[in-house]
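To keep things simple, chains are lettered A, B, C, D, E and F as they appear, and every chain counts its residues starting from 1.
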Amino acid sequence: MIIDVHGHVSAPAELYSYKSNLLSSRGAHGRGGAGISDDQLRAALRAPNRSFGGVSHLDHLDEAGIDLQLISPRPFQMMHSESPAFLVEWFTAETNDTIARICSLEPDRFRGVCGLPQSMELEPAAWTQELRRCVQDLGFVGALLNTDPYEGLRQPPGLGDRFWYPVWEALCELDVPAMIHSAGCRPPARESYSLHFIQEETLAVAALLQSSVLTDFPELKIVVSHGGGAIPYQRGRFSAGAIRSGGRFEDQLRKLHFDTCLYTRDAIELLLGAVGVDRCVFGSEKPGTGSVRDPETGRWIDDIHLLVRDIESLDAGEQKAIFEANARALYRL
Amino acid sequence: MIIDVHGHVSAPAELYSYKSNLLSSRGAHGRGGAGISDDQLRAALRAPNRSFGGVSHLDHLDEAGIDLQLISPRPFQMMHSESPAFLVEWFTAETNDTIARICSLEPDRFRGVCGLPQSMELEPAAWTQELRRCVQDLGFVGALLNTDPYEGLRQPPGLGDRFWYPVWEALCELDVPAMIHSAGCRPPARESYSLHFIQEETLAVAALLQSSVLTDFPELKIVVSHGGGAIPYQRGRFSAGAIRSGGRFEDQLRKLHFDTCLYTRDAIELLLGAVGVDRCVFGSEKPGTGSVRDPETGRWIDDIHLLVRDIESLDAGEQKAIFEANARALYRL
Amino acid sequence: MIIDVHGHVSAPAELYSYKSNLLSSRGAHGRGGAGISDDQLRAALRAPNRSFGGVSHLDHLDEAGIDLQLISPRPFQMMHSESPAFLVEWFTAETNDTIARICSLEPDRFRGVCGLPQSMELEPAAWTQELRRCVQDLGFVGALLNTDPYEGLRQPPGLGDRFWYPVWEALCELDVPAMIHSAGCRPPARESYSLHFIQEETLAVAALLQSSVLTDFPELKIVVSHGGGAIPYQRGRFSAGAIRSGGRFEDQLRKLHFDTCLYTRDAIELLLGAVGVDRCVFGSEKPGTGSVRDPETGRWIDDIHLLVRDIESLDAGEQKAIFEANARALYRL
Amino acid sequence: MIIDVHGHVSAPAELYSYKSNLLSSRGAHGRGGAGISDDQLRAALRAPNRSFGGVSHLDHLDEAGIDLQLISPRPFQMMHSESPAFLVEWFTAETNDTIARICSLEPDRFRGVCGLPQSMELEPAAWTQELRRCVQDLGFVGALLNTDPYEGLRQPPGLGDRFWYPVWEALCELDVPAMIHSAGCRPPARESYSLHFIQEETLAVAALLQSSVLTDFPELKIVVSHGGGAIPYQRGRFSAGAIRSGGRFEDQLRKLHFDTCLYTRDAIELLLGAVGVDRCVFGSEKPGTGSVRDPETGRWIDDIHLLVRDIESLDAGEQKAIFEANARALYRL
Amino acid sequence: MIIDVHGHVSAPAELYSYKSNLLSSRGAHGRGGAGISDDQLRAALRAPNRSFGGVSHLDHLDEAGIDLQLISPRPFQMMHSESPAFLVEWFTAETNDTIARICSLEPDRFRGVCGLPQSMELEPAAWTQELRRCVQDLGFVGALLNTDPYEGLRQPPGLGDRFWYPVWEALCELDVPAMIHSAGCRPPARESYSLHFIQEETLAVAALLQSSVLTDFPELKIVVSHGGGAIPYQRGRFSAGAIRSGGRFEDQLRKLHFDTCLYTRDAIELLLGAVGVDRCVFGSEKPGTGSVRDPETGRWIDDIHLLVRDIESLDAGEQKAIFEANARALYRL
Amino acid sequence: MIIDVHGHVSAPAELYSYKSNLLSSRGAHGRGGAGISDDQLRAALRAPNRSFGGVSHLDHLDEAGIDLQLISPRPFQMMHSESPAFLVEWFTAETNDTIARICSLEPDRFRGVCGLPQSMELEPAAWTQELRRCVQDLGFVGALLNTDPYEGLRQPPGLGDRFWYPVWEALCELDVPAMIHSAGCRPPARESYSLHFIQEETLAVAALLQSSVLTDFPELKIVVSHGGGAIPYQRGRFSAGAIRSGGRFEDQLRKLHFDTCLYTRDAIELLLGAVGVDRCVFGSEKPGTGSVRDPETGRWIDDIHLLVRDIESLDAGEQKAIFEANARALYRL
């Protein structure tokens, strides 16, 4: 069985048309709604999609043998930097509601991971209201956490700052993991949103390990997307400092979890070696950026399950841990 | 026959989902396109629409007896203040192309009025490239002009400033009218986009009449939306200054054109009296903001043709001028 | 009998020389004073004035038959945006004191309406100290309220914001009306101070009617200058939204009062029709901007009393209501 | 005979009321004018003035035996930091015209020193148009130069910067001296305008002597007001640097002129010793800040002529140089 | 005997290399330390120094006969405007510790005057922690006070502002004097740090005398460096205002102390005459800016003791007061 | 033989004391110089250094068997973001001169790689003057290129922007490689300078490969420090986009060179596999951040040569290519 902790919702155009309307009206039409029917939701899962290589979301899962997928908002659509804050609140709630409806329509296939209305015009304590609603009322099993709600426009507080403590408290109280996953990235930042994900994950790991967050919240469960940004590859760079302080960076790294959403086998192997099999959960971000076929291998670029299976050094128990058991324990599935 | 100079395109959700994608990716996916089929275009014109009181765009026109409508982008969607500028260029072109396709599908019903990619990161001379493309290649008969491309974020140059001269030059050269119509309005401005239309029209008329624009460009054709904002109602206020300068404000006002897009009869009467029947063209903005039924009269609020017909003092020739002849002359239809 | 609720003080040059000195010294000379004698005050009322068409303030009133005028500071001189705040406080107090002295000199002719020291460096609660002093100590009967104390330099909180609540509270407690009347308007705003009046009145009406202010303060008395900006003319535009929300915009409008300070008969008629005779008070702003003779009619542009009398549909009771009774009730004269 | 190079115009209140009107209207009323009559001009010179210790301007001059005074605008009124620039241009011209009229009315008593419209929104080359007009058309003999046109709001280019070269060029071409004299001083700067004068003079001397201005313009004539700010007193501080560079600071200082507008004898003596009698011209700034009687001595504080006469070490020729001859040569009187 | 209240520490290069490292790492290496040995400290006092005219610190003191010198941080190195604030705290503490060690090595020669970590990111109350540590734990006898912690980047609160009250309170409580002495000066300010000293002293005296600080803290002991900036020379300018307010500026000035750090005899004489011998303490800033020989006299420019001795009007008791007694009383030595 | 392309200069404290003096005086003392003797230079190479684990620079090289090292400025000291620009120019030149002197003292051991005065107040064309001086006059073999001259204060132009073209032109003309290596990192950025290196390298590779730089400058030689930031590890992420565009990301990556400055064997192996042995050059950054002994292995963390030798899959030719031959070809040694 395969559990994929890193999937994003495939929603009808109406959801994003709704978002466009909110941004254009700046809320003058009131909250309203996307007005999506169940048929539209089903079609969005089953219709072949040009962005996904001409295949539907469910076909992708079936082909890869993904039995259960945790789905969250499409991160680049989350618009945390837009103003006024109620636009962010409205669109986040509409997106989470859409996810909840899809989970109801396909209860064996999907579980929800919610987005948070991370407007910097609000207090983090306000973000957690939506977290509570999603977990307690809608049955979600985790949340995305965007470490840069300004989306590249300016610098937010670092993840070690006390600014973020209300979020850690709520996550611990609800006992659900947060997946580190930034959203959009706007000029003047120099990177695309996709590269911004990587940069933010690198910053996030460094900030968490160099601060007292994980000491102050020993029960906190953090999953770092995309194999932890640059850190596992560059981890030696941090060893010297850790040794000088009398610690071991490898031990610190193991306080976090990482998904396998890397698209080459050598990178996944490096990750597993660096942080340990028990800290890794299978994540494919499928369908998405990687949903194109490699002309040389014929595989989908995001056939990460095949890359994992290709790793000969993993025994069956380790494969199962990565594909299923670790996620079950972490997300209490 | 009724020609309505003030209509906006009713496009499928995919156009605005495309816009949402551009804003979220900030262009990282490339220009791409909305991928709208002809069937989707037709459906968007013919499907009952909750925002329009449960009636379709074409049904609205049929019911009102509007034979020909000039359609332009939905102004509040134009996103002129977004960055980088190529997002504005891409979405403006996609919208104008969509309008052109609708005009091809319904050649007897619609003519195009284009939006311009009015990013302040571009020079006005760059905006006019799209104007030329729409008029010369796509057969459009006019353009919207947003007097506030910053959409409320900061103050743009006033309309009398030489900043705008490249636009006036291109309009004169192509011999098409510009309709003054602002777009969105963002905080910290205090008004909704809809009220911003009115405020900008007021500023536009004052700026044009107090500058040398209309002297420098005697052939320039300007249509002020929504009956000229506050100016006809407040025109007496400007009389004193004009008299002190040896002129008459009423004469100056008649250098501009105005549409009838006011929703009460007394206002339309005041407009006609203030600027003259020959300076007015019928505009309904139908379907749109006013597409709701008045529970007292049973009329649609935007049944502006009925309000005009209700004005007893207008003779048949004047009615025809307002409904058809003035628009034919102005837009060379 | 005619009561004119909209007059501004005609003060000697020394008041403005004093202001100039404050601005130049930024208060380094201390508060000092304008040093105006009673003779200078009388002369300023009685001397022919080039700005007023060569006629004195009192002659204007006599000619128009205005028996009692409420006089307030010349709004464009109020300099709310200047810094430090004590300059605004000193000049406001000096101006209000000047008005009080004129009312003492001409007790049958004038009543005072005070300006407030609306520096944004102060709290609104601080502004109301001057309001209390004027009403309680000096016998003033109302106040001007500038909705844009930044005078065009940046955006203030909208009138529906809780920022303004201390002002509403004080007005209700003292039971005096506030007249909405902005002050100066500085670059980068694009409009003259005179047009800024109109724009701010438009914003003010929209903000009050779309917020809970008038519900939270049912006793609050607001007079909107210059016939309400653009709103009565554009009121149909707001009908659709009100209907969608289950209300009637016309009913909401009637929670406010409006003065007749419009300079054409059709506009006054439209106003009376839109909001009702009982919501209107006579205001002429005489002498002022409109104090120039129309070469065609020979009338002063600001002979608003003649325009009102020209409206044949008004019966004697309605004329009296507009000219006297409504103001008596509103201002408790 | 006494020539006083440092006097400021005593103008009627109407000039500053005009300024106040310009600032309040931001020019919306057009340039207009102060509308001052010759009688008002004469009265302003002859009327006892509370600000001047209850004595008139001319009485002050008579009492002190000042035969000829160079009068310039009241510096603190010059409002160089106001916007838009045309306000500065209008008020500067009106002030200079007023000075010219006074010089015409009292041709034996006064010569004009002009103010410049030093808005930073204009180029310095534009400022010199008014300089040329005053010198060539109105017969002025010099100009004030404000080294801080931002009036404390932000930092201008230092006086050694090439920004100022067009001013030096015009002064040399016209062969008239510039008197260094700043204008107002606004928050956030921490000093009053009066202390700002001193600070700016200190900066000016340092900047001129540490740059190549006086080498590039060997004919340039600069008079530093108020005895050169802090420099003569602190000049030893600059000696070490000059010696390290192989020069002598005292020699450099003598490239400039200084007025005697210091209010204690020891300071004047220090000045004369530091820069030499031949570099000093008599300046009293009378009537002005110092026009109050010292209760101990009974003298006016600004009786600087008495302080100079008290210096026993000066012989008759030196006294004459300070009181008359140096000024005649410098200003070509 | 000569006590010099105005000396600055001569520290090894390692102290400033440490500072450079802090600025480059922004603290990423932790606080660390400069790692200076006692031998390096001694060498820095005894080694001939190119910046000091090729002579060592101690040789300078010996040659001038300075028996005891109060040493403080080199002001221009204090970097109060750097960020984050802990860099300022670390470097200030390291510098004060270095001074304390030198005082221990040469207990008969030096006493410490501390710098404060005047980052504007901290509260003034936080600055005084270091003051207490230095006075109470390290035996320092006074402190430098920088009136412009922004170092020219922007305007700080004026010295009369309540912002500074926690500093006054701590100084009074500890009964030690503060010497007014600014630090660096960065663009956009127009002056060098050395001229900035003078400007800030001028501002400081004016601010203190025009505020209620010296009334609120009658025990406060303030020493103004460099003879008080411009004030003694320009003091007549302030007389008029004081007389108008019923006071005498000379009396106010005598509430402060001044050092003699002026480099010409006439300036020192003026200072003594203006404020009185009893308000002056000997200060040489030796070795430092003035440590260069005058080719004409052969004296060091900073041989201020010779200038004082040259003043014939001072009797032996006055000389002793300036050179020793006043400092003993003020600093409780 | 081992050639190490990534070494930084070990300079005496005087160089950084000089820098500290420049920053404190903002250049008021003139350019001056660090005044370092040859003995001090030699001592800095040979003295045991606490920061380097108690061992000297040369001992480190000897122990590792590094025969030739390319040394450049310590990047975190380069202070590109300081102002005014001439400070950056002066310190850069002083540092490069110091490197040149060390290369002269130890001609068999060191070659110079220069820093550039990358102040954003200068044009990039101005930076290349120093590049030319170093290569043409001083014999340097390459340059560091800082991709973020603002050092975290704000966003610079991306590396694909035409802003950088003058640098590419000069590098090609001189035929020397640029090593991508950022400098300091200041708040508000969230990362230490060390992590900033990694983030900037990630951005640099993405920007170069997604722009036309490498097409426009086919001869350009770029070495990316620290194994290319995150890119080799995350390279699969970029495959999908490249395939969609018809290319292969792996081929694009091979247009660049990378050093081996990673501190774990698995990371170096991944790098070699991802970009090819022929694109890699040995770099140790020794002595530096990694100069601490691992308590488990007893090795220095920066014993990168041992990690390379541990890779069994590399044959002797490949080892030689990495350790020597590739660097010889790239740097023409």
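In the analysis below, a contact is a pair of C-beta atoms (placed from the backbone, for glycine too) under 8 Å apart; a residue touches a chain by one contact, two chains touch by 3 or more.
Molecules present, by chain and UniProt name: A, B, C, D, E, F = Amidohydrolase family protein.
Everything quoted here is computed from the prediction, not taken from an experiment.
Shared contact partners of chain D and chain E, listed by label: none present. Under the contact definition stated at the top, the chains bordering both chain A and chain E are F.
Farthest chain from chain D, judged by C-alpha centroids: A. Counted by C-beta pairs in contact, the busier of B-C and E-F is B-C. Overlaying the C-alpha trace of chain B on that of chain F calls for a turn of 120°, given as a multiple of 5. Note on D-E: across the candidates E-F, A-F or A-B, the interface recurring with over half of the contact pairs conserved by residue number is A-F. Spacing of chain C relative to chain D, judged by their CA centroids, is 43 angstrom. Chain centres here are Cα means. That of chain C falls 57 Å from that of chain E.
Counting partner chains per residue, chain D has residues 187, 192, 194 touching two or more of them.
Interchain contacts close the chains into one ring where each touches exactly two others, per the touch definition above.
The assembly's chains link up in one ring whose order, counted from chain B toward chain C, is B, C, D, E, F, A. On the chain F side of its complex with chain E, the touching residues are 12-17, 19-21, 23-26, 28, 35, 50, 74, 76-77, 79, 83-84, 184-187, 192-194.
The part of chain B that touches chain C in the complex is made up of residues 154-156, 158, 187-192, 194-195, 198-199, 202-203, 206-207, 226-227, 229-230, 232-237, 239-241, 243-244, 262-264, 266-267, 269-270, 273-274, 289-295, 301-302.
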